[in-house]
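Here it is: the structure, laid out below.
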Amino acid sequence: MFYREAGQFRTSYAQDSQILPLRQDRVGMAVLLMAAALVPFVANAYWLSAILIPWLILSLVALGQNILMGYAGQLSLGSAGFMAVGAFACYNFILRVPGIPFIVAVILSGICAALVGIAFGLPSLRIRGLYLAVATLASQFFIVWSLDKFAWFKNYDPAGVITAQKIMILGHDFASPREKYWVVLVIVLVLTLLAKNMARGSVGRGWMAVRDMDVAAEVTGLSLLRTKLQAFAISSFYCGVGGALFAFAYLQTVEPSAFTIELSFRILFMVIIGGLGTIMGSFLGAGFILLMPIFLNVFFHTVFGKSVDASIASALEQIIFGVMIITFLIYEPLGLARLWQLTKERLRLWPFRH
Amino acid sequence: MNISTVLQSSPLQSNVLQSSQRAFPIGAPILELESISLRFGGVKALTDISFNVLEHEVRAIIGPNGAGKSSMLNVINGVYVPQEGTISLRGERLAGMTPTAAANLGISRTFQNIALFKGMSVLANIMAGRALRAHATFLEVALQLPRARREETESREAAEEIIEFLEIEHIRKTPVSRLPYGLQKRVELGRALAAEPKILLLDEPMAGMNIEEKQDMCRFILDVNDHYGTTMVLIEHDMGVVMDISDRVVVLDYGKKIGDGTPDEVRANQDVIDAYLGVAH
Amino acid sequence: MFDISFFIEVLVGGLLSGIMYSLVALGFVLIYKASSVFNFAQGSMVFFAVLTFVGVMEKGLPFWAALPVAVGVMVLVGMATERFVLRPLVSQSEDTLLMATIGLSFVIEGVAQLVWGVDVRNLDLGIRDEPIGWVLDSTGMLISQLDITAGIVASVMVASLALLFSRTKVGRGLRAVADDHTAALSIGIPLKQIWMLVWATAGVVALVAGMLWGARSGVQFALVWVALKALPVLIIGGFTSVPGVIVAGLLVGASEKIVEVYIGPKFGGGVEVWFPYVLAVLFLLVRPEGLFGERIIRRV
Amino acid sequence: MATESSEPDTFSKLLLLHARQRGERPALREKKRGIWRTVTWRELADEAAALAAALSARGVRRGAHVAFVGDNRPRLYAAMCAAHWLGAVAVPLYQDATSGEMAAPMQSADITHIFAENQEQVDKLLLILPRCPTVRCIVYDKDRGLRHYNQPELVSYDTLLQQGRELVAANGDAVEAEAATGRSEDAAFVFFTPGTTGPAKGVVLTHGALIGRARIAAATERLTDADVAMAYLPPGWIGQTLFSYVQPMVVGYCVCCPESSDTMLADMREMGPTYFLATPRVLEALFTQVSMRMEDASRLNGRLYRTGMAASRRIAASTSAGETASLSDRLTRAMSEFLIFGPLRDVLGLSKVRVAFTAGDAIAPALVNFFRTLGVNLKQLYGSTETGFFVAMQRDGQVRPDTVGQAADGVELTFTAQREILVRSPGLFREYHRDPEATAQVTNAEGWFHTGDAGYLDDDGHLRIVDRITHIGALSDGTPYAPRLLENRLKFVSAIKDAVVFGDRRDMVCALIDIDMAAVGRWADRRSIAYTGHADLASQDEVYGLVADSIKAVNAELAQDPALAASQIHRFVILHGELSAEDSVLTRTGKLRRGVIAERFRALVDAMYAGHATARVDSADAHQGTASTELKIRDATVARAHSRSAA
């Protein structure tokens, strides 16, 4: 109903295939970005470092998972492993390459993750479905194990824990939550834009072709090998960068066991609940999975007037996630993003229904 | 059932056949298959089949169900590799064909039971058909560098030309999964065309269509042949339609070739008649 | 120098835990055959089954009463799963089903913790986890009574299941179902009963497996991950082949122990955490269809 | 106007003027291959020049007749420009006419050159080519499917353009000069009126007449070159050509062609025209669509819509009565304007429309009201091909749905004893092509034209149209009776697509009803009434009930008006198939061909008056194609006439 499309006509394909073809959407997005940029001035440190920062980071990781699963249709349970690679790679780059710019280190760590991703993606050429899932589980376990066992990665820290260095960009130390938030925000936004470009371009079409009908994809001349490995590499890159930020902007002190298979599952859930094969879904899903426990707590506070025993809370959380997953898979396999999309279609046809 | 109903030709109008001359006159053999044999384990799918396809012609492969028509097509574009026999394109022998290789050689195809990319719009499906012509790397695409943008526009233009050609402007941005069967078939033809193939393999393009849809599809096939000069190899078991639109027909039965020639010759061929009367409809 | 008797110790230990992998894996196979679903939640079921068992025992029920209760609960869980998860998703892609069962595993674990709490319980089956005297005396090898008992029980289970599959009418019906649901129905195989039976058996298997593991290393959440080892076993054995998973189970069990004991120390141990999976992946590259699975031909 | 002489007086001169004044502004837009392609005035002029050069090389001379067969496309209009450039006469034909229907104009107008859009049209033309010896050249635009055609007459637009560009390059000045030589009294167009009776007649209109009319219309509606219009009706109809060629040529606004008829609504929403022409038929379809889709809308929206409509009607009523509307009504109106009408207009692509005209046929007042209530400035326009279209038009602020407004500037009106409307204006046609008798029949020495419409001016000079003079009759009791008024009321019912009433020299009025498949179909679905097709649905008793109720309502309205009370519908039949131009019961613009209909449905009509409950119609008549079908005849509830008479 807020859409006034009459007169918004396109005279070039560039215009027609732009990310937000409708003026109203562009305005909305502009407002959103503005808000995202200014929120640190209103949000307190807790909100920034306990919710917004992890939300952005996990959204990025979910985006990576989504590229692989949602777009290229390759089931993966190992995203946490690739995060770990990113995190430790970043730590070591900064540790061992004196004066390396933070951003460069982050990108390099992403590339490391990508390489590992390619290695573990190789089986995807022969196998699919849960076979592939197991292969990715292998990566998950193997990576965490090796990071755990080879002390070099952790600079021989006796406790087996690394402490992320300062985030130095152009000589400025981004120490406060607010500054960290901005760093994360910028990186996430840029990578999201790139992902969107790939998704709506020939690259994305290749992924989806492989996902939807690989035989036909081959017949159109697409190389399954290149396409799948590409998806693995890019997906892992996003997870890697996410991992690096996870360590540097969120956890600060990290041990390999922080990147457990449970984390992988959570990321998987973010993608399913948020919406397979949509950029926006990654953000919605991450937000949902992240905020759910908090809502739960608030809920209990208001209902029982006291916070519940942590174990019960976590148990409930698990049940709710599980139920959500099943429900979404049954009723709206395309997740929250799809719901939003439907609402939008309604608004564009308002007052009609269809 | 009597012979006439089986082999009779439908009253389909086709300008190409009426017209005195064609835009792309039929040329030399472009595709030659020599004594092709294909087995799955013990099962013989194709036995010693040889025929050729001339440039710019519409070549039909017909035969009762299970005659090995689809296998034949799958051999041509490298989905199956025959145990014996050779395929040569413009006289060059092709060894170890794969679908991708076939695509690179300008062989494109559609599938018997629609193999569209369900999750994508009509436009995206057709653009995806141009995978071969997308050279920009993922980085160029991600950063929207000039080459990526140029290629995107080019493939959009090509896709739009096809959309116009197939008269599906009104469903351009509809997800293919929402389309009725007949339109999906048309879109699949569009995707195959997007690769700008030299040879187009159509696996039962009219299966399960009503008569109007069939006539539309025939018109499109003939128009493609007339407009782009694409060489067509199509499988069909609705004899009537095939007889109308194809220049020459190969007849298979139980994996063996039992007839080859112009529609009229084939109609007259006793083996063919028997084969068709043999199958109970 | 190479100590052969020690090697045998390790091997036997490995084979014994291997047979238990097979046991868990059998649960997967059962369900996969019946409803062609890869039930990722099987691990959680193992956990849940034994937890229930121990739980009701704590409530004062005697062993022999607790057993049927636990089995009953597992059957209910199975039926519920079939009704509320698998049926609505019938004819969905394998991946979707897998994800659904992952969700299911979360639910089950959540419920388990909600009902029985999170603290580790130990399960006393009256068999002590100490070396068998005469073996020790005669060969000097340390072989735990518990392990042996576990091994024997497991082998019995596995054997009887194998029989159930190959010999009984139900088993044949089951195979028919695995091949083609509608066909199975059309030839009058009672799908409902088959499914119930399958889930029941899967429940029992889970319970037994859980008890054996639990008796050894305490009833705790970690069981879920132990059970996950069944995945590589399945891959190597093939999803539909009972003998396959038995062999694969032994293979995985033995190899992981040997690797752990002989190579592990070089990396500070823990190799067994990932070794089976990597083994499975390598296996996939050479023989995607598994040891005894039949080759898949791609149709177009 | 004093400056008339100084201003350009032919289309080619106008074209050159625009090319100079607003060369870079869009003259035409076309949605092609997914995006809107623009032709600026400069480009249009250049293309026209090139085509003109090539055409004259191919023997197009001053006064030659060039036909145009195709949908609204920039190239069609560019070709029109080219024809005028050379002083040739443009003859736009209905693109969906059969080749048989095309033969007549071809022969009577000695068409020498034809612009055809595509293979479909070319095939039709080639079929009649032997019968049209004068045709020398057929130019086709889209070569799809034509690659192998080798008739000597055929040439592709691109080739022509190419040759033209070379010629222009060679001696551009000569070509340029050609454009200036035209005179305002030269014939510009021949429109073949799809006569509701008799064969089509070629109406010759001069540059001067059309340009003059257009200038007046532009002045009254204050059109500027910022306006945008959609071209989606057949160019063969003068209305479309006026709005997509003549007026843009005068005003310099931009004309937009949709991608295809399937995408018209979507394309219109994208483009958002500001100046809109629609036939009553189009508006009826639009109205039906809106009411159907609103019924499916959410309950809340449905209510807001209805209350909003009601409120606005009350407001309109009270304002016309000179009172101020109640606050609550105005609030409701405001709210539904914001929540419903605004968005609704936008979805329909009408939100930017400044002026919308309906013309071509009489329209039900209620329909006009509907769109005006929605907030669309829809106005009626009265005119015919012979009168240069703009005879009477409603002015802003003085719109009365039951009239067609005051006479346009420069138009004189007078009436015969039979109330036939006579028109005298500079916009009148010159003659019927090659048909002096026909011309003489409809025009007299003082230059009055007999419109054939009956009507009268009301007290404040608004023209009211009653009906075609030939249709007006009287019931057997002598009460005058005008079918179209009744039919329009019926057609406004969303369940009814078309209606034909009978009553002349009869004791009561009866009606043939053609149901709106879409609307009634949905209605049936909602009530889960099973039906196999049009015929089946049409014969369902529930549907008869539905129609009977609507007719009852219409009768009640009629009873209000003493003049019409006697004309209430007494009996009706629902036809088994829709009336369509294909079987020539309608004209291409969708007007009823009463003669044909009366002929075709005689049996049915007689049965109605004979009081039978059913009637057999055999295949030739029933649109079923199958052998004779049985149609039910029903009585309609008639309201008692109110005694308080105004007249």
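Letters are used for the chains, namely A, B, C and D, taken in the order the chains are written, and counting of residues starts over at 1 for each.
One rule holds in what follows: a contact is a pair of C-beta atoms (placed from the backbone, for glycine too) under 8 Å apart; a residue touches a chain by one contact, two chains touch by 3 or more.
Source: prediction; values computed, not measured.
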Between subunit A and subunit D, the fewest touch steps amount to 1
Centre-most chain by CA centroid is B
Chain centres computed over CA atoms; the one at greatest distance from subunit A is chain D
Cα centre of subunit C to Cα centre of subunit D, whole Å, reads 77
CA centroids of subunit B and subunit C: separation to the nearest Å works out as 50
Note: subunit C sits from subunit A at a C-alpha centroid distance in Å of 33
Cα centroid separation, subunit A vs subunit B, in Å, comes to 42
Where subunit C touches two or more other chains simultaneously, the residues are 300
Going by residue number, subunit A touches two or more other chains at 13, 215
Contacts with two or more other chains occur in subunit D at residues 34
The residues of subunit A that touch subunit B in their complex are 13-14, 17, 194-195, 197-198, 201-203, 205-206, 208-209, 211-213, 215-223, 230, 234, 277
Interface with subunit B, subunit D side, in the complex: residues 32-34, 119, 123, 144-145, 147-150, 259-260, 262-263, 266
Contacts from subunit D onto subunit A in the complex sit at residues 29, 31, 34-38, 269-272, 293-294, 296-298, 301, 304-305, 339-340, 342-347, 349-352
Within their complex, subunit A touches subunit C through residues 73, 75, 122-123, 126-127, 129-131, 133-135, 137-138, 141-142, 145, 148-150, 215, 261, 265, 268-269, 272, 311-312, 314-326, 329-330, 333
Residue set of subunit B touching subunit A in the complex reads 77, 79, 98-100, 102-104, 108-109, 111, 115-120, 124, 127-132, 134, 136, 138, 141-144, 148-149, 151-153, 155-157, 191, 194-195
